[in-house]
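Think of it as A, B, C and D in the order they're written, each chain with its own count starting at 1.
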Amino acid sequence: MEQRIRDSFAAQSLMKTFGATVAEVAPGRVVLEAPIGEGVRQQHGAGHAGLTFALADTAAGYAALTLMPEGREVMTVEAKINLMSPCIGDRLIARGEVAKAGRRLTICRAEVVALRDGRETCIALMQATMIPVDP
Amino acid sequence: MEQRIRDSFAAQSLMKTFGATVAEVAPGRVVLEAPIGEGVRQQHGAGHAGLTFALADTAAGYAALTLMPEGREVMTVEAKINLMSPCIGDRLIARGEVAKAGRRLTICRAEVVALRDGRETCIALMQATMIPVDP
Amino acid sequence: MEQRIRDSFAAQSLMKTFGATVAEVAPGRVVLEAPIGEGVRQQHGAGHAGLTFALADTAAGYAALTLMPEGREVMTVEAKINLMSPCIGDRLIARGEVAKAGRRLTICRAEVVALRDGRETCIALMQATMIPVDP
Amino acid sequence: MEQRIRDSFAAQSLMKTFGATVAEVAPGRVVLEAPIGEGVRQQHGAGHAGLTFALADTAAGYAALTLMPEGREVMTVEAKINLMSPCIGDRLIARGEVAKAGRRLTICRAEVVALRDGRETCIALMQATMIPVDP
């Protein structure tokens, strides 16, 4: 299961553009990391909400995929994200978890924390709906 | 007002990374465009939800900014996006609009369409809350 | 189709509790009305967010149902509502519309306006995801 | 602080209509309960999403209020709710918690469980944004 997630993740060119990596894969849980690099900023030099969303959504989607039968893929139906603090620091960690794996839909939650001088600040919370699809 | 938006947009390195441009600025409305390029894909070659979100959020945020007094900045409090169709095509157009400019918060909506062989498909709808901040 | 919606609506005891009525049924669109009565208030005497949500969600759900084959029912997967102004006035009007009727999911939007001395104030905007179910 | 919450809750006529009660008040956390009574149903006899939302939103709002200075009130800016299972059972329990109390906004989460023959089923998850207001 972990290999399936890692292979799929490696095929996402946006994750490569962001320099993101898979930090953890467990049943119902996926953790991603990425630097807050030069090319992902908003107008004041903080990380862009698009970076935060992309990591949260990807972590949540793969968390859902860990609980699906082999051969299925997952798509985001919708996601809602609260951006609570500016995205400032060296790196982001996005932790996605399955809240409820239903027959037709999977509900996930994710949090994104910014690492700055070794201290974590929670900068975003997501609640999202995932749907299995045939590849 | 338009110059203020364009200058701020030009300072967003993520928009540069995405090759995004400002197509239209009007009071309460901002339209952005970006190619669905090589480096912004998910695992099956479609555009990543992070790209779609980033454009919708940026268009919505700048739409809010058009109605704020000079010298204010805007931040996304939260955003909810429905991803309705795969992000397939040549380019994305993100249209952000102010639904209600309140005293303390501004509510925006955005739609993202994919252009494929000249035909538009609506791939995402966003509803978001923006807050003015001091720079 | 209209009779099907009206019969289903009449079977919702919460709508009876709220004194709500069906004002309009058209393909992809349903409008409901309800008084801001004595028993539906929050602590300051305005209408409760639960009333506003219930009407918006019900209007959106039935709007989705108008486009589904006979014999199907509809359930709300999730809904996001912005409450933009206090719910003050004599009556609420909730207008639900289908934004995209997909094969597996239907995306709806709704607005709720308060009527006060004949003038409309938009108090809420909803974006929601509906799913067809077998009864 | 608990008395302030209980007095405010007692002034909400919708909560009286629903037969809801305050089960717990702690800093950053409020738990409400209500029967799934005769007058709060949807067309198939399950509890209406409006009931579930009203309890989740009220629990979340009061959870936010527990952390605000005396004399402030709280309003819901927006709320997003996933409805994961039908609202079937004898009673609902809504647990609201503060996820982040910011200077200008407070982010809350809530879960709603249905009690059926003594067993809990999680039927809904909410993520919401609250704002302090002067009374």
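Here is the rule we use: a residue touches a chain if its C-beta (ideal position, glycine included) is under 8 Å from a C-beta of that chain, and two chains touch if they have at least 3 such contacts.
These figures come from a predicted structure and were not determined experimentally.
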Chains touching both subunit B and subunit C, listed by label: A, D
Identity of the chain that, by mean CA position, is farthest from subunit A: C
Higher-contact pair (C-beta pairs counted), A-D versus A-C: A-D
Length of the line joining the C-alpha centres of subunit A and subunit C, rounded to whole Å: 33
Distance between chain centroids, defined by C-alpha means - subunit A, subunit B (Å): 20
Distance from subunit D to subunit A - Cα centre to Cα centre, in angstrom: 28
Multi-partner residues of subunit A (at least 2 other chains): 77-78, 80, 82, 129
Residue ranges of subunit D touching subunit C (in the complex, touch as defined): 8-9, 11-14, 16-17, 38-44, 48-51, 53-55, 57-58, 73, 75-83, 86, 135
Partner subunit D, residues of subunit A touching it in the complex: 80, 82, 84-85, 99-100, 102, 107, 109, 122, 125, 127, 129
Subunit A - residues contacting subunit C, complex: 77-78, 80, 104-105, 129, 131
